[in-house]
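The next part holds the structures, each set out as structure tokens.
What follows is chain A paired twice: with chain B in the first complex and chain C in the second.
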Partner chain A sequence: MVKTEVTHVGKYLETGKISMKNQVAYRFDVFVRSILPFIRLFLAYALWKALYAGQSVIGGMSFEMMMTYYLITSFLLRLDQSSGLVWETAEEIREGRFSKYMVRPISPLGHFLAAGLAKTLYVLLLVLPAVVVLAAFMHRILLPPAGWMNLAGACLMGFMGLIFLCLLNYLTTMLAFKFNDITGWHLLKENLVEFLSGSLVPLSLLPEWIQEAMRFFPFYYMQYLPASLYLGLKTEEFVPGLIILGLWITGLYGLSVFVYHRFRRIYEGVGN
Partner chain B sequence: MAIIQARSLTKIYRRIKKQDGLKGAFKALFHREVVKKAALDSFDLEIDEGECIGLIGPNGAGKTTLVKLLCGIIQPTSGSCDVLGFTPGMLKNEFRRSFAVVMGQKSQLWWDLPASDTFALNREIYDIPEEVYRANMDYFSDLFQVKDLINVPVRNLSLGERMKMELIAALLHSPRVLFLDEPTIGLDAIAQKQIRQFLRQVNQERGVTILLTSHYMEDIRHLCKRTVVISSGKKIYDGPLDMLLDRFQEYRVIHVTFERETEPQLDAVEWVEKSPYKAVFRIRRDLVTPTLQEMLSLYDVDDIRIEEEDIGNVIERIYHGENGGDSCGQVS
Partner chain C sequence: MKTIARHLRLIKTFFSFRMSNQMIYRASFWTAFFVDVSLFLIHLAVFQTLFFNVDSINGWSKYQMVFFVGTFTLIDGLEMWLYFFGVTSIPMKIREGKLDIYLTKPVNTLFWLTFENMDIGSAFICIPGIIMIVTASINLGIRITLWKILGYILLLMLMLVLLYSLMLIIRSLSFFFIKTGALDELEGELISISFRVPGVVFRGITKLILYVLLPYALIATIPTQFFTDVLSGGMWLLVLGVVTAFVLLSRWIWRMGLKRYGSASS
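Moving on to the complex of A and B:
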């Protein structure tokens, strides 16, 4: 039985707000996390520079294109903070602390999405200075978007990809009701997402038939297509991408709600 | 009229049993023995609006399981329950708005943030009108005298202060029913007393129906006129606490300290501890007065403390039908 889970927006906005406050509770943590994007940027630059030594094109992409592709995909991948929530929430289910979501008139899915997106917003704020530095001083290695429409399309696709990942992570978390320990499930999911989304290796480097098959899966549209759209490539795939990703999101939402209502019935809420 | 009803409520947990050792651990990958344990067995209960009920019993008796069933956290194996006209397990939003639960060892507060943030979140979750929220905040923070602590991160509060915040968070939406599972566990005597007074006031002034589980007799004595004793998932007593204690609390534990080294000799006592300046003994209740009189006349006593018998012993006695078998007429 699938029913609307998220109805009252105010409580989820407040959940997002409190999650964001929780992120900035420790000053040193905020400081370290705001430096990390710069370190990652430097390391990525050094790595790809070494790989391109003596070559101007790899897999049909110039160094600038590859750097831009890499930065966009890794940026989008890092924006997904809901995978961290998987551990927290699965632990709450294992230890019986999940009960607090069940006894209050709040949807666990809505709470999960709100907390996940709040964390994403926080990461976005942390990454913003690095993006500004990149745009101001390293514009030669980060190509500008092919056009404003390309940028908007990439952002929309990236956002939908985030929602999909949030739902996928929520679904993985719900497995803790049944399996208690979901480490194996989570690792499997993480590795698959990393490979299938093209954040490990650009999908254009894979055989043609694999690339064709990927078009029916959501992962293709989560990082690879937004990065391509930004660079002005594969623009004809924007509309089909929206439809396919939209269908996956709808299906996953229904499945997540169904699995929660089914599995919460075997929850024991251990401990006092 | 009863607002909480449980009829033949039964909850059976399935537990996996593993053999000892490394071999057992690997064997369990292929074959697992599942054992069933009834945490609650054909349990019947009715609670009227405005009542404050004490639920007592030893560890593993089924107290927390009953609370979880009535909150809808877990599902019954058989039987049924009804709280405020709702079936708890369905977790309807209207149902969840009408009750609150506080579990002594599980917090709803955000550890790194002040309690005020959790209160603000609950205001949205329960859709509490601003004026009701303000009035309740003033009422509860005055009652607990915690106005200065509301903006302090929860991690910096003492255990007692945290429990006060938990109770405020639970009561902000004016629930009709409050389930409390060991709310005073681990607290010092002063904090326990404050929480008892608070709950008493909430029950009497606001008419909130309370179901309280506790290991501390003082909690039950101070708050509840009616007590339900549960053991091995079954109800073994349901009635006034006074009658329960009169009938089944047969012994007292006496702590005596002496002004000088003493080797006390008393009849009809069971010594628990004896040292040069201190003696602890267990004695039948009807012998307390003559024994203490004798002790005061024979020895230089510095201080005396009389303790009630451990609740576990009392329950064990009821369960084994000592002191007149099924003498407790309220047992169902």
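Moving on to the complex of A and C:
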């Protein structure tokens, strides 16, 4: 008797493997993606060099700290690959092809998370060596981690931030059951996340009362805090940050499951 | 003349068609509008945050920077309205073989693709841009002449053409490499930096790259420099040269790509 059943975890691993294979198929894209960190750093250097002309510290950060901060936040931002899955899954819902997830012994949320994290792993494998080489060559303007604990804390917080973003993207996808076109919602979310997470400008440059308010929201802990921890700043916020982000992830997971079960009832599966 | 009139009529038809189409899905129309407004507010917040921490940027005063941001917003609104969604849909049409239907139409394929997805909602974003430009002009005490206005409009149009050519080059590469998502990201980075600081801050090799090879830094800087300061004859020549070169390059890559296009198997 041929064993056809796959284990519970195994089916999600398979999803991840397929997602990885799809990524590697496009070599030109892989090449450009691997040199992107270099280009980004060059652009950031040009921008901040101009802004630092005549002053040594901006928002409590030296030029070297700012460059390191920028490299870490843009690295973390690019690690999230679930954003691209929003377009694909929303199109499947719109065109009635989403039915396949409903009849397979696989949870749509689990599939989304597995595919998104596999893509993240692919980008990590591709970009991390480039970042390490870059950091070694540009050690005059890029700082090492303040300590191994700081690095570990930053990695953990960054990973949790990615999980949160994956869930948020899944929730955005679910809107496709309700609306014909979710492009606007998705772009709106992208814009807000980019600003609120501190990848455009460090949140320490904002007035203190805004920073205070942002501590209650998950975005503060997605990129700004990991980058700050790496630099040896805001270490006292690590534990509260883990708790707050953990609560947001739990809440968002529950909401995702609820919304899917609610919206699947209005799905006709015929496309439009 | 007859051809121009025909194409203008086509643009008018595309416009009416899109307008009625967008009005059917009003929620989508207004969402697009809110997205544009949010993007504008975020850019404004970034600008305000940066300026809150620095006094001037390479000799440019705060109101010159306001003018710069206003100009960028205006260009952004116009490109989103006119051709952004048309051009960005090209890779998908190449990949899925949907270009066939455009190639068989008795209209220039690129023209059709460019203007068929005009986004009327984005035009509203031009309003805050114009308000910023007027406010900055008043505060800078600029003497406004007809020459200044005409020169500014001419430069805006040249920059729209330049941005279009840059966008088209990236999307035309889909004929050769199928997936070009990383290039879209690179484009986003370049546009983002050219919005945050004026090109005048760049020096040496950086200036050469961002003014000539990847001329994103010219886009909002040049019209602003012309209106609020002085644009030398040399800079006019540089702008005309760069715009011409990129228009020709984009046309060439597009034609080469079309020759490679293998219909649904691309």
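Heads up, the rule we're going with is that the second predicted complex is superposed on the first by the 263 of 272 C-alpha atoms of A that agree within 3 Å, B and C clash if a C-alpha of one lies under 4 Å from a C-alpha of the other, contacts with A are read in each partner's own complex, and residues count from 1 in each chain.
We take it that a contact is a pair of C-beta atoms (placed from the backbone, for glycine too) under 8 Å apart; a residue touches a chain by one contact, two chains touch by 3 or more.
As the structure is a computational prediction, the values presented were derived from the model and not from experiment.
Enquirer: Considering only touches as defined above, state whether A:Y26 meets chain B (first), chain C (second), both or neither.
Expert: Both: A:Y26 reaches chain B and chain C.
Enquirer: With the two complexes superposed on chain A, say which partner A:K100 touches: chain B (first), chain C (second), both, or neither.
Expert: A:K100 contacts chain B only, not chain C.
Enquirer: So, A:R265: does it touch chain B (first), chain C (second), both, or neither?
Expert: After superposing on A, A:R265 lies in contact with chain B but is clear of chain C.
Enquirer: Applying the touch criterion given at the start, work out whether A:A50 contacts chain B, chain C, both or neither, answering first, second, both or neither.
Expert: second
Enquirer: Hey, is it chain B or chain C that touches more of chain A?
Expert: C
Enquirer: For chain A, what residues appear in both contact lists, the one with chain B and the one with chain C?
Expert: 26
Enquirer: Under the definition above, what is the set of chain C residues touching chain A in their complex?
Expert: 25, 27-28, 31-32, 34-35, 38-39, 42, 45-46, 49-50, 52-54, 57-58, 176-183, 185-186, 189-190, 192-193, 196-197, 201-202, 206, 210
Enquirer: Where on chain A is chain C touching in the complex?
Expert: 26, 28-30, 32-33, 36, 39-40, 42-44, 46-47, 50-51, 53, 55, 58-59, 78, 84, 179-181, 183-185, 187-188, 191-192, 194-195, 200-201, 205-206
Enquirer: Of all residues in chain A, which touch chain B in the complex?
Expert: For this pair, the touching residues of chain A are 8, 10-11, 13-15, 18, 21-22, 25-26, 96-97, 99-100, 102-106, 265, 267-269, 271-272.
Enquirer: Name, in rising order, each residue of chain B that touches chain A in their complex.
Expert: 13, 64, 68, 71-75, 89, 91, 93, 96-97, 99-101, 103-106, 108, 110, 112-113, 117-118, 120-127, 153, 181-182, 185
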